[in-house]
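In what follows, chain A forms one complex with chain B and a second complex with chain C.
And then the complex of A and B:
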């Protein structure tokens, strides 16, 4: 009976998230018009909200450092899943709902990139620290940021109910997506086009309770998926995860499943909902498989071909990609549909016309941006080609392993596996 | 607390949180339903009060009442906002508690799983991963590569000169001056002006031969007197439209063309006198229009609407203009019948721009090189067959008959910018007829026919000058005009001759009535083609019948007069050439070899016919 009720509750839980979407949409649509007659009341002019006080920004940095320290302490020293869990709850509440998901380390990639390419843009110290500090911590302690200090990770981690294990090939294949996303995010930030990581952050709308309908649907979809495929955003989209993964592979101290020698009890094999535990290498199988040096050399040799293909495709698709830039978009819109100059409802065009800028200047600027995209797209394409090449190469590289170990690059340091380990210190 | 107690506690919390969340969610839905039912923003009472205030602007009591009502509506609105926001937080809170309790419950219930006996075969998995990576990598690169081909670099089409050339008023005046002196037009700079001069090359005066040879001597005086007058008002001249077949049914839409040496014999099957034929990419029932060395037609289907420009000399498709990305245009085209389609209206051109209208309500202008100049969405025409009224241009205006099931109107758009110059609401029902121009009492009139009125409008102002309540049914034929008389007819209605000065009926007849083909009047004769295949010639002055010829096939095309002959195309692609006289004399029957119900265009000794699939040029 109780089981039945609990099963039903599971469905009720799912239903809530759908219901949530209705009033997000609803709150978006309701707007009250101005009165239709003169009342003598003067509408106050809209003002930009004051930025958060600098001291409070530094306070956020301090909180980040404390949370990271605690996460590292719980994962490496205390080996406490409970500690990480409660830290996640705090992170979700503080960096998620209280700080509205901003500033976040994931989005700070774009600030850092723009500061390199836009001489007029000056990155705030806070944004820089939010970018660097988790990377430094990861270099020493593994991805403890993902485990306890990331609000996006926290919201997904807390709703993992019945995780399923994905086959390795699927993990590897989908693992390409964050690299592509990172390349595009860097390209768009470098060209001053858009901060796509922030724009398409599926959870920030939930934190702020004001997302557009399609983003709410996306966020809820991720959460629903996350109940069964744990942390889908972290594993298959997060561009910051790419950097953290690189750092974590070289981490000096990383979480280990066992506090002492592994007794090969295999109790931890299914403990990781993120498929981040590497099993001992079966050397006989490896030798038998034929995935040896010959294939390694083949894949190594074709890496330049992947890069070349990426550069070629990048160069070709720069026109398409550059259309995301507002200036290029506006210039093309005015060229392709000149009649829109007379459309008073097109705010972009009205703003442009009111600015006094000439069409010629706009087109010149758009052409300059497109030229930047030409270079940027080639680099992004080359990077994606390189990643494909190396990922392919990595499938034929076998590391000798005798124990069950967390994959340093993919492990989120959530400490779940440690709970399963019966070995005492 | 032991494990069982914890289990029980988490279960209870989960149940309570679940019930709480469901209740809040239901209340939120109820709130949403209530607000949507009684939207304070669309309050009928408030709208009624505001309307009253417009009539009584000084009624202070009413103002106070409106303010109170408005305040009440605002309070209701902000109250509902508060309810939504508070409800959202409560629901979120409930959902968090529920999720947490469920997690605890499942973790307490969880048993340590048995380790997998057979682990995933890592080698097989890696081989699969290799395939997956190669496929995903290739797909990503292929998609990006494909996107590059599907992308148009509009920046390449930016033309500084054309952007800074202005709206074209100045160039119009300059071009008119050129025509006035009867010499080869000067090139005055700027791309549009160059187009005009290249398209209207050659002296203008000798081209008005038609007027000299015509029985209608009055028309001659019109030409002579109008050309200088139009030079001051701007726009194309009568000489221009007589030289160029720029609209449906030729000059002014009257069906009479001035060109000579028109062939009267050809054969599509053997290729006799077929100079070229070119395939038409998309289907349409519009007829060709001509300016200079270019022929224009349009085609459309559900996926796109297109304008085609062909080289008049060799039939080469010079450019295709796509009518897309028009602000407001529906993503899904309206439902139209097969025999009308989305591209039934013929195009028109003023030598600088070519204009098209489609069944979607999209109007678009391209310059003579295919560069989009402007586009406008008029709203989907509510027409159960599909919009078919052709365009016509005069005095720098694009004139549109927009009679739909939701009411009729005549619209004039600025030819250079697409802005509305005037718009006149007509007391008419839906119509499929096309506008015709005629010079009456020194003014050019736009003459339109629909159920129930035939009416004339001042081209300059849109003012309705006269209107006669005489038509009925689904009006397809446009009017005919000659010698100061307007001829209008429709099947199951009547054929009338009207005096456009006062709208009075001169004579009427109901023996032979056209269904789609327009009446043609010229030189004292009136030609009517019925859909059941009878071609009839009347005395234009009295309505007395001179002759009839039962061809036995459907006649939807409109008759045309060129080179002293009457050209009548039937729906099977057979064009019959008659001597244009009081007596019936069939000169030839010419089979195109392809079905064609459109009306031919004439230029420089050649006939241009749109077949079902091909555009034909017929000449010697």
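And then the complex of A and C:
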């Protein structure tokens, strides 16, 4: 009651001001004019500390380029695990703890996406550079970014204690999650809903030494898991890793396990904590497994079915996904529970009611967002279907391999395997 | 011989894909650059939109929040009965803690001359709850208002308060104009 009266009073005040301001357009209408001081009092100025200087942001980009170049040099030329290791330590300290893990290349995906879909947003050059430079490097040298320049990769890499090898099917299945994560991140960024990569970054709380409780738990459990399942975030979540792996598959150069010809000594077979080393093809097994052209054709033919299924699931789940958008959420809440309008506890509703925005406008906006979600979810679903289809197809493609080679898409260029190779240059 | 051929073919395909991937990257950056700005972004609160809901104190990733009350002295009426300093129902006008609006006693009051006082906010104590802002806006000139203070803010890629702000008061602003301090009333676009 009292609040209501106060609110009314406020409106009367505001109307009053409005009237006044139309009369005296340029004069100040303070309720209480500033006094004339007799004692020669000097008014202090409002303190507004400047943000981090722009030059320093560009300095970060420079550091990124230097670290990437060094990582590529260590992995491909110098073949030095030591070098990569120290580089990771530096990255962890600088980009992780000093820069608090922000801005990072992984999150910059969302900035790039938003700059395409939101005309009011223009990306800053530094964010764009953080997105594009590692991809370019990867196109030439493989994922050396993951090896030495990514703070999230570094923190996981440094705590690997006793990595266990996961069965192939599990690696492949879990390896689909990053595609789903990427599709969702793009969907949410494009609809202006949220930056989920940033919100659910498990390590940023550790870099900042400050986070909500559940994020701390998440970060610590990732680290604990990472002692045995090496780099769990990189392998089974990182959406930027998807893009990097696409680039890396076609990289011009890539680190090789041996500096010269492989002598099949098998010393490196267990050296990779990430199961990223491909073994020579065992011709006998291939024949025995009976995976031949027939299977290939079947899998190729069902790819469109996977896509269709993905689109269907996407279309079905768009209502659910769109609830993450605050406007949609508020509109739904007000429609389903109109009695909440009288609940002074609900700040969102109170603010909406006080803002003078009409219910129709809100619903209209929410519907527009939901329509975007409808299309976006179908595209995302189709994309995921396509990825599943191709992953299946890949399981029956046998590329003849004589030697032990790193899988170009999955290798993080950490240089571990090179230490195991007895071949001299 | 055979082997060399397959190898050459594979290299050719790889080279082709690499070229198209670089072109794609170039295209993406070109499109993004066309709308990019050299300046960096920071997050800031529009004091004319903010409704002092209190989420700034709780939803910042920093604890205490990077949002602080700033005082635009230009606007201040130097009131003795400061709506931001004293609780509206303060039974005495003493500055005893129970009469102060600020839960952390972050507002310092300094006597200037009869009957004027200067109000200054201790940033280390302020947690950005906006109680004083609400008081000052309803009973005074509205010279106190909330701003994201940039030597504390980490400039998250996505400000987690902006995500929950019910008034959509937080948006990206250019780093060269990092504050929206209320200047004088003529700055107010419209009511």
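Observations, loosely collected:
To be clear about the criterion, the second predicted complex is superposed on the first by the 373 of 425 C-alpha atoms of A that agree within 3 Å, B and C clash if a C-alpha of one lies under 4 Å from a C-alpha of the other, contacts with A are read in each partner's own complex, and residues count from 1 in each chain.
Convention: a residue touches a chain if its C-beta (ideal position, glycine included) is under 8 Å from a C-beta of that chain, and two chains touch if they have at least 3 such contacts.
Note that the structure is a prediction, hence the values are computed from the model and not measured.
In the superposition on chain A, contact of A:355 is made with chain C only, not with chain B. Shared-chain residue A:200: touches no atom of chain B or chain C. Of the two partner chains, neither chain B nor chain C is touched by A:94. After overlaying the two complexes on the shared chain, residue contacts for A:267 are found with chain B alone; chain C is out of touch.
Contacts of A:110 after superposition: chain C is touched, whereas chain B is not reached. Shared-chain residue A:296: touches no atom of chain B or chain C. Of the two partner chains, chain C is the only one that A:208 touches; chain B does not reach it. Applying the stated contact rule after C-alpha superposition, one finds that A:395 touches chain B and leaves chain C untouched.
On chain A, the patch touched by chain B and the patch touched by chain C overlap at residues 6, 10, 17, 26-27, 30-33, 35, 37, 39. Residue ranges of chain A in contact with chain C, taken from their complex: 6, 10, 14, 17-18, 21, 25-35, 37-39, 41, 43-52, 54, 57, 100, 102-103, 107-108, 110-112, 115-116, 121-128, 132, 135-136, 139, 194-195, 198-199, 208, 210-212, 246-247, 250-252, 326, 347-348, 350-352, 354-355. Chain A contributes residues 2, 5-6, 9-10, 12-13, 15-17, 19-20, 22-24, 26-27, 30-33, 35-37, 39, 158-159, 161-162, 167-170, 172-173, 176, 180, 209, 265-267, 269-270, 279, 282, 285-286, 288-289, 291, 306, 309-310, 313-314, 316-320, 323, 328, 331-332, 335-340, 342-343, 346, 359-360, 363, 366-367, 370, 381, 384-385, 388, 391-392, 395-396, 420 to its touches with chain B in the complex. On the chain C side of its complex with chain A, the touching residues are 14, 17-18, 21-22, 25, 28-29, 31-33, 35-42, 51, 53-55, 61-63, 70-79, 112-113, 116, 118, 120, 123, 138, 140-141, 147, 149-151, 153-158, 160, 163-164, 166-167, 172, 175-176, 178-179, 181, 184-186, 188, 191. Considering their complex, residues 11, 14-15, 18, 21-22, 25, 28-29, 32, 35, 40-41, 50, 53, 63, 66-67, 70, 74, 77, 80-81, 84-85, 87-89, 91-92, 94-95, 98-100, 102-103, 105-106, 112-113, 115-116, 119-123, 125-137, 140-141, 144-145, 147-148, 150-155, 157-158, 160, 163, 325-327, 372-376, 417-419 of chain B touch chain A.
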